[in-house]
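Read through the structures below before going on.
Same chain, two partners: subunit A is paired with subunit B first, then with subunit C.
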Partner chain A sequence: MASIIDELPLLLQGVVATLQISMLVVVAGSIVGVFGGLGLLFGPIWLRAPLRGYVDVVRGLPLLVTIFIIYYVPPAFDIDISGFAAVVVALSIFAGAHISEIVRGGVASVAKGQSDAAKALGLTFWPRIWSVVLPQALPSIIPPWTNTAIEMVKGSSLAYLVSVSELLFQTYKVVGRTGAAMEIYIAAALLYFAINFAVSRFGAWLERRVRYAL
Partner chain B sequence: MDQPQRTFTNRRTLLRGGAALSGAAVAVAGLAPNAVLAQDAAPSRLTQVIERGRLIVGTGATNPPWHYEDADGQLIGFDIEMAKLLARGLFSLTDEQLANREEWSQYLEFVVEAADARIPNLLSDRIDIVCQFMTITPARALEVEFTIPYYREAVTLLFLADSPYTGTEDITGQGATIAILENPTAVSMVQNGVADAEVSTFDSVANSVLALDSGRVDATAIDLSTGQHLAAQDPGKYKVGVDSWQPQTYAFAVKPGDQRWLNWVNTALHEYLAGLDFSYYQTAFADNFGVELEPPPAGFPIEYR
Partner chain C sequence: MFGLNWDLIWRNREEFLWGLVLGLQMALIGLAIGCVIGLLVAFARTSRHRWLSAPAAAYVEFVRNLPLLLILFFLYFGVPMWANSALPRDVADLLILDGENTVIAGLAIYGGAYLAEIFRAGILSVGRAFVEAGRSLGLSGVQIARYVTLPIMFRTVLPSLGNTFISLFKDTSLAMAIAVPELTFVTRKFVTDTFQFIQAWTVAAVLYIVTAYAIAAVLRFLERRIRWAV
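On to the complex of A and B.
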């Protein structure tokens, strides 16, 4: 037990990297997702077609393949991209595609009468979306969005394969040196659980808030 | 009416095509010597490293005694020592600089990579050289260029200390399950030593040892050096098999096509292994493998014996 406490600082360094990657990815993925989802629903054909292509292609690619493409292809064109940046970009592309689809589904589920009523009040497109449709879509967007956020925390462990010292890699390093595999893996599992439990509580809190707002 | 006109057009097209072709030919002829010049002038990685003032080395962080992190999260191990010796040769580092991490780390950068990433990182110019217990195989030598060897490894069996087995002889015929790190030849590697073994492969050495700890397997096939390191660390827990088999050669690897760089690394390595700088290799070997090497004999060069 003492040995795990000794190793905790190294594992916590990994937690910091895991949190950095996950937060950047969830924020970037959500921004891409909101505009992607709205574009899929309301965009003109020249916007809708490439967005549909993006969502379908990315959803059809294993996350690891996306990371490898972003990490290994740019250096061939003399573009330097760090492992950390490659993982954040790849996961954001991945999260963006998934959240686009979530937002599209959520917004589409809002009764068309709401939008029509807003139109009748003279609201133009963006106020209609921001103030009337999106708030009503949030209760059905937040739960799958939370799932995607948790997936991204777990997906960040793939960063190990492009030399980023996140939680899983730190765990491997400590196990490699100490040989105390069982204890360290359990400690790592508890740390991942703690992060994801916090994310899921945050999701539940958001969900209550948006319901209250209605 | 149409026919002559079309012929005329065709001839004109033909003429234009001919002009374009000869233009292209001139362009190619004019460009070719430049292209060759440009190739000649492309600086060797050796020049790049010296101008950069820093050697970038690909290595791992999870395999003692080769490359692993100490309790402060700093890389140590035999591969790390060898990389320091390359930096010593490139940047004329003094013994004081080599003894001080803050000093030598200004000249030496490690890119910590999974074993799978060794070749891709080299080919995409992310690193100058791989120092990561890389086994020479003809197939890999098609993709990268290997330097001269710096270690000869073999496979042995690691047992729990209270295991009834002692080596390949008494475990053969028992239908034992044996763990090993996943690799293209994992199954034959184990069965060359224990013919009737059932082979269970794992994604890391640590996990193949975990399988032994948890009783999932009867033994773990492991590098002799790693097995000895584990048993030395925890003699009450593990013992190393009495025999080993399938020797394999470890070397550094560089991106193909840069003879100057390859030659420099080979020359430096050679002198550490058998020449003026042998004492550095000897110290690194003793520190990481616990074996004191004899210096190479004077007189007739050891390489030709």
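On to the complex of A and C.
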């Protein structure tokens, strides 16, 4: 038991890195996803077709393969990329594709009459989407968006394989040094659980906030 | 193609294909065991008895929030370390798995938590009237589960079962972390041997995508067949 408490600071360093990666990825993935989803729905064909390709290709690939492609291929063109940057970029590409589908589905589920009514009031495209359609799509977007955020926290553990010292990497190192396998792995599992539990509580809170009285 | 040399990778095609097959194999066995775990947990979770439903819910909520890679490391590095020092030799040997079996066990535990949720939704979607009809025929709880609930829910859960298989198949790529020679491992090894980054990762990506969509197509076909058979 003493060993866990001594080693906790090292694990917490890992937690910080895990949180950093996950937050960057969720923000970047959400930005890509909102525009990607709107592009999939309303974009002209020259935009829609490549977006469809992006979303379908990324969703067919294992996350780890996406990370390795981003990590190993640019150096072949003399572009240096750190493990941390590769993971953030790869996970953002992954999250962006998933959130695009989520946003597309959510926006498509808003009754057509809402958009028509906004049009009748003279709102142009962006105000129509931004202040009429998207707010009503949020209740169906938030729950799967929360799941994607949790997937990204879990996915950040793959950063271990490109030598980023996030939580799993730290866990592995601490176990190697102390030999307290059971205790340290359980501590790490509880830390991952705590992060994801917080994310899902946050998602539930957001969901309540966006359920306007319609 | 694209001014790149594809000879080397073509000569190693069998290694890549066997890597793919190994991934599919591990995913399929993991899915099968995961289904058993998932079914038991789903029935436990929908049970009236708290001593059954509470641990089932805890398992689902806990495991779904863990990274699969952590589970694999725990099984592959953690369990043997602990077992060797804390358990008698013959018990410890049972718990120490080789790479492939670790991946299968990991996928079963991890997939089992997701499958339990899918099956639970399936169980809840079976109308009360069916269950009551079974009860009025004098069937026991287990018989109702076996002859009434399971066949009816099978059709509702089939699409989600297919999606789980595809995501478990993609997850087999993590097996490379414990040196199981599946497709991602083979690709990375090929890259370190030959420096043909672009060719190798292109081939791996195409194989994964084609396989994932092929599985999806087969499953859609199966779903249609089953709907006809009703």
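The definition used in the following text is that the second predicted complex is superposed on the first by the 211 of 214 C-alpha atoms of A that agree within 3 Å, B and C clash if a C-alpha of one lies under 4 Å from a C-alpha of the other, contacts with A are read in each partner's own complex, and residues count from 1 in each chain.
Definition applied: a residue touches a chain if its C-beta (ideal position, glycine included) is under 8 Å from a C-beta of that chain, and two chains touch if they have at least 3 such contacts.
In this text the structure is predicted, and so the values were computed from the model without any measurement.
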- [ ] Report clash or fit for the pair subunit B and subunit C bound to subunit A in the combined superposed model.
- [x] clash
- [ ] Identify the partner contact of A:Arg201: answer first if only subunit B is touched, second if only subunit C is, both if each is, neither if none is.
- [x] neither
Open item on the list: Looking at A:Ala76, would you say it contacts subunit B, subunit C, both, or neither? Reply first, second, both or neither.
Closed with: both
Open item on the list: For A:Lys119, using the defined touch cut-off, is the partner it touches subunit B, subunit C, both, or neither? Pick first, second, both or neither.
Closed with: neither
- [ ] Determine, under the contact definition given at the top, whether A:Met182 touches first (subunit B), second (subunit C), both, or neither.
- [x] both
Open item on the list: Comparing subunit B against subunit C, which has contacts with more of the residues in subunit A?
Closed with: C
Open item on the list: Quick check on the superposed pair: does A:Arg211 touch subunit B, subunit C, both, or neither? Answer first, second, both or neither.
Closed with: neither
- [ ] Considering only the touch criterion stated at the top, classify A:Leu158 as touching first (subunit B), second (subunit C), both, or neither.
- [x] second
TODO: Answer with first, second, both or neither: which of subunit B and subunit C does A:Asp6 touch in the superposed model?
DONE: first
- [ ] Scan A:Leu63 for contacts with subunit B and subunit C and give back first, second, both or neither.
- [x] second
Open item on the list: For A:Tyr172 in the superposed arrangement: first (subunit B), second (subunit C), both or neither?
Closed with: both
- [ ] Would you mind checking which of 41-49, 59-67 or 95-103 on subunit C runs into subunit B after superposing?
- [x] 95-103
Task: subunit A positions touched by subunit B in one structure and by subunit C in the second - done: 72, 75-76, 160-161, 172, 175, 179, 181-182, 185
Task: subunit A residues within the subunit C interface of the complex - done: 57, 60-65, 68-69, 72-73, 75-76, 150, 153-158, 160-161, 168, 171-172, 175, 179, 181-182, 184-185, 188-189, 192-193, 196-197, 200
- [ ] In the complex, go through subunit A and note every residue touching subunit B.
- [x] 6-7, 10, 13, 72, 75-76, 160-163, 165, 169, 172-177, 179, 181-182, 185
- [ ] Name, in rising order, each residue of subunit C that touches subunit A in their complex.
- [x] 62, 65-70, 73-74, 77-79, 81-82, 85-86, 170-174, 176-177, 184, 187-188, 191, 195, 197-198, 201, 204-205, 208-209, 212-213
Task: Residue ranges of subunit B in contact with subunit A within the complex - done: 61-64, 68-71, 73, 111-114, 116-117, 120, 124-126, 204-207, 209-210, 213-214, 230, 233-234
